[in-house]
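One chain, chain A, appears in both complexes that follow, with chain B as partner in the first and chain C in the second.
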Partner chain A sequence: MNQSTPFLGRFAWRTLLVLLYLFLLAPIIIVFIISFDTRQYLAFPPESYSFGSYAKVFANPTFISAFGRSLIIGLVVGLGAVAAGMLLSLSLARHEFRGKGSVNFLILAPFLVPHIVLAVGIMLVMAPIGLLDTYAGIIIAHLGITIPYTVRTIMMSLMSVDRRVEEAALVHGASPAMVFWRITLPLVSPGLIAGGVIAFLISFDEATISLFIVSVRTSTLPTEIFHYLEYSTDPQIAALSVILILISVGVVIAVERLIGLRRAL
Partner chain B sequence: MVDHHVEIEQLVKTYPGAQKPSVDRVSFSLPRGEMLALLGPSGCGKTTILRMIAGLIAPTSGAIRIDGRDVSAIPVHKRNMGMVFQSYALFPHMTVARNVSFGLEMRKVGKTEIEERVKKALDLVKLTGLGERKVSQLSGGQQQRAAIARSLVIEPELLLLDEPLSNLDAKLRDEMRDEIREIQARTGVTAIFVTHDQDEALSMADRLAVMSNGRLEQIGTPREIFDRPQTDFVATFIGAGNFFSGKVREPGVAEVEGLGELRFSGEAPTGSSVKLMVRPHRLVLDGTGAAGVNRFSGTVEHIVYRGQTLTLTVRCGTQRLQADLPTHAGVLPEKGGEITLAVAPEDVTFIEKAAA
Partner chain C sequence: MNPAARSADGSRRVLLMLLLPGLVALGVTFVLPLLWLFRASFASSAIGAFSGGDWTLSSYETVLTDPFYWLVAWNTLVLGFNVAVFTVILSYPIALFLARTESRWRGVLTALAVAPLLTSSVVRTYGWMVILGDQGVINSTLQALSLTDGVVRLTNNSFGATVALIEIFMPYAILAMLSGFGRLNTQLEEAAAMLGANRLKVFTRIILPLSLPGVLTAALLVFVLAISAFVTPRLMGGGRVFVLGTEVYNEATVTLNWPLAAALSVLLLVLFSSVIVIYQRALRALEA
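Coming up: the complex of A and B.
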């Protein structure tokens, strides 16, 4: 009895883990398999396999130009959210000012409000000032939903920076700007990179808000996928999904390597 | 007129929202090359003083002068101070050498000169060859040395050390105590170090400034502080002591209730109440056996053997005396035995500023 119980426990635990992973990965696995199907509709399992859908995706000018726009928007949003997050974190972590609580709450707010509600609000604000379907409009909207994340990650890094270390730099001759540049910034760089990557990925994946703001000129890859799905369902979508997943995974792995490498040095 | 290198005058710091000042009208000065210890219990304002001198916080009032010049308008990074933090506060993302060269880089010193001076500084603190190490690969003692090198390499006007030994284990602490003293003597840098450890202060400093509750109690050489404490606080904070309240009968002689006449050093007006102190190790066994002026007979109540000394508690009249006798003093007293203790008048200290 006593000996079989730990074994049973371990067995149950492992089974649970395997099931959980299967549950999480199943959609991805199915999409992956379907993306190689040769038929012109989505069905499982495929009858025969080819790279045809991938070729079609790369030959689709709508997808390619939307991908380019998404990339640019994602990069600008990533950098902008990091810069804004750095400024906000510094003032929240290092300064006492009136209304600090409100600012803190405002930064949290986008976490609490459903994206669909935000989307309607942003659309109503942007329509009269002509920001709909402009790069500025979509970038501002994406900054709004990503800055909370960069503030979080940078705050975490900033809290772990020992104030005495900054003071030591100051005492030994570094101007406040130099302290920021030579001490604070390098020490919070993990938070900057993590925040930037998260902001990029959120912007790159975001569909709900984008659908309300963009139309033909600044359509992003997610909105193009959405529109494509309205009229047709074929393995091209599966192939495109696989490509998007690979990009996200690629970015995360690359950054992990980068930061990992830096730590090792 | 004495040339003071560093002068602190009527320094006050009241933190925003605080009821009372953390540093209250503190004045002292240091000649060039002196090592001063700021000694006092935790929370008495030592770190606050150091941070004001460094420029990290602004005084509420008062002046800090270096070579006669008020530095209050000079921003931190231009004061040319060296500071060793309690937690060392080395730059964790830089090598040891980069930590040490930091101040020189900020001063735009040329590359070859930086290399030379960093090497010299590392040699001085016995970290030769460890320049390329990461800070995290150093032991506590080595981090301490690196922090000292980082401060000394810039040839600071003043070296400030905040509880420099408190994070080291006992053995290393003794070693670093001597070493810091030696480095300071060798470089001739004027230094202020903060500590709550009286042994550390007594053994390392040229002079001690004893603080309590934000106030400076007394400043003087280790000897003056130990042998001639001027306030109750200093007398009780530093070392052990027997304290007596008495009334001055004639110049230099006080009547202590339950003990008798006590001849003391120091000047107190006849008829006034005084507080007197005798250090336990200043009491000696008296062979004559007769009680008299500065001779007290009593019963040994308690004995603690401490190797080199024997600590006795002796009941004399209504008073209890503590005496530290050397263990080589011949026939040693036993518990319950009658003995006579004597003390020289110059070893009976009159505490001038005591609330008698």
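Coming up: the complex of A and C.
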């Protein structure tokens, strides 16, 4: 009895953990299986397996063009959020000024407001000036929710830079611009890449704000999937979901190889 | 002007140039929309447009006098509460395991627990539509085993929305708990065990109290995320789940009553902030 209890306990504990992990990963696993079903409608388990749903996704002009738009928007948002985040981080890490606390608060504040509330506000601001359903509109909206993330990753990199390296370069006659381009920028590049990748993924996956401000012209992939799912749940979406998951995983692995995910997050 | 003053002046100009782009971006996407939202919630309703004009309380009157919106607010709180409680219960063992394990798979298992965050919530909601739907995994299995005759309705109701939200928020809860579990350490547990405490006692007297701050933070995070969720309740609810998020979307994009959408958003924001304030009070009381 005394010997079997710890064993039984450990067995029960492990089973519990496996079940919880299965619950957590269930949607991804199921979507993966369904995506290879040959049938046109949702059913389980699949009768036979094929790449038919994938072929249909690639032949679907709505999804392909929405994918292209999401990609462009995500790339511009990633670059823009990194640039703005770099400038903000430099001013916060390297300068003392009045109102610094307020700036810090302003950068963190978007974390504290639900996206749906921001979405309504952004929609109300953009409607009268004709920014609804434009690339500029959606990019500006996504910049607002991604800059807080890039500031955070870049600040972490900046904090770890040894300032004496920069000072040494200055003493030896380098101009401030040269110090920035040759010393500071390369040293914080892990933070820049990590911030850019996170901003890209947030923009690429974002549905809530996009649903309020895009319509037919600039619909992104998540908004197209959302509207499709309001009427149908066929395996085509499963195939598309698997493609999206693979892109996310690919991006994350690339970052891991480049700079190490631990340092990035 | 002396050189020092000129250099101070120059560095102020540099600082301004550094701050300006980011501050303008945040101002346009955060400060301005929130101010405009408050203003619009006091406007008289006009279809699909708002551009200033008169001030009126009519939208708030609608929200506060129509029993439907009281029901919506109640539904929202119930959904948030259920999701927060179950997410925390289901995430706690995983977080506890990840915080204490010395397995070489720890990194992989942590990544696996957090990885779902990297997939769009639309995609994961679709996964739950496939699992819980009328022709979905669970219903097909039940019918294949002849356990039920008809379809068990697991979607198009708040049950489906609750289950999907629990799973979608679990990675957030696990992350919040992991960073809150800093004070847990195995030496303390070993010491207690050596002094004769049994496993249950070690858990209730040492592990649970030390992990409580992380658990509370996770519960708060999930609650505020759940009461402002909209994509998952809308898709899993199939138009039959009425929470603040779905009603804000309806008023903004279907009914096009923007002042009412704004008033409902303000209500959501008030709920959101009061929960955070109550939580902070409670935490301070707990620590004192």
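Quick notes on this one:
By definition in this document, the second predicted complex is superposed on the first by the 239 of 265 C-alpha atoms of A that agree within 3 Å, B and C clash if a C-alpha of one lies under 4 Å from a C-alpha of the other, contacts with A are read in each partner's own complex, and residues count from 1 in each chain.
The rule is short, and it goes like this: a residue touches a chain if its C-beta (ideal position, glycine included) is under 8 Å from a C-beta of that chain, and two chains touch if they have at least 3 such contacts.
No experiment lies behind these values; they were computed from the predicted model shown.
Set against each other, chain B and chain C differ in how many residues of chain A they touch, and the higher count belongs to C. In the superposition on chain A, contact of A:N104 is made with neither chain B nor chain C. In the superposition on chain A, contact of A:H172 is made with chain B only, not with chain C. Contacts of A:H115 after superposition: chain C is touched, whereas chain B is not reached. After overlaying the two complexes on the shared chain, residue contacts for A:I147 are found with chain C alone; chain B is out of touch. Applying the stated contact rule after C-alpha superposition, one finds that A:D162 touches chain B and leaves chain C untouched. Residue contacts after overlaying the shared chain place A:T134 against neither chain B nor chain C.
Of the two partner chains, chain B is the only one touched by A:I183; chain C is not. In the superposed model, A:N60 makes contact with neither chain B nor chain C.
Within the complex formed with chain C, the chain A residues making contact are 9, 13, 16-17, 20-21, 23-28, 30-31, 34, 41-45, 80, 83-85, 87-88, 90-91, 95, 97, 103, 106-107, 109-110, 112-125, 127-128, 140-141, 143-145, 147, 151, 201, 204-208, 211-212, 222, 225-226, 229-230, 233, 237-238, 241, 244-245, 248-249, 252, 261. Of all residues in chain A, those touching chain B in their complex are 162, 164-165, 167-176, 178, 182-183, 186-187. Within the complex formed with chain A, the residues of chain C that make contact are 11-12, 15, 17-19, 21-23, 25-26, 28-34, 36-37, 40, 49-51, 90, 93-94, 97, 109, 111-113, 115-116, 118-131, 133, 135-137, 140-141, 164, 167, 170-171, 199, 224, 227-228, 230-231, 235, 245, 248-249, 252-253, 258, 261-262, 265, 268-269, 272, 276. Across the complex, chain B meets chain A through its residues 54-56, 76-83, 85, 87, 89-93, 102-103, 106-107, 150-151, 154.
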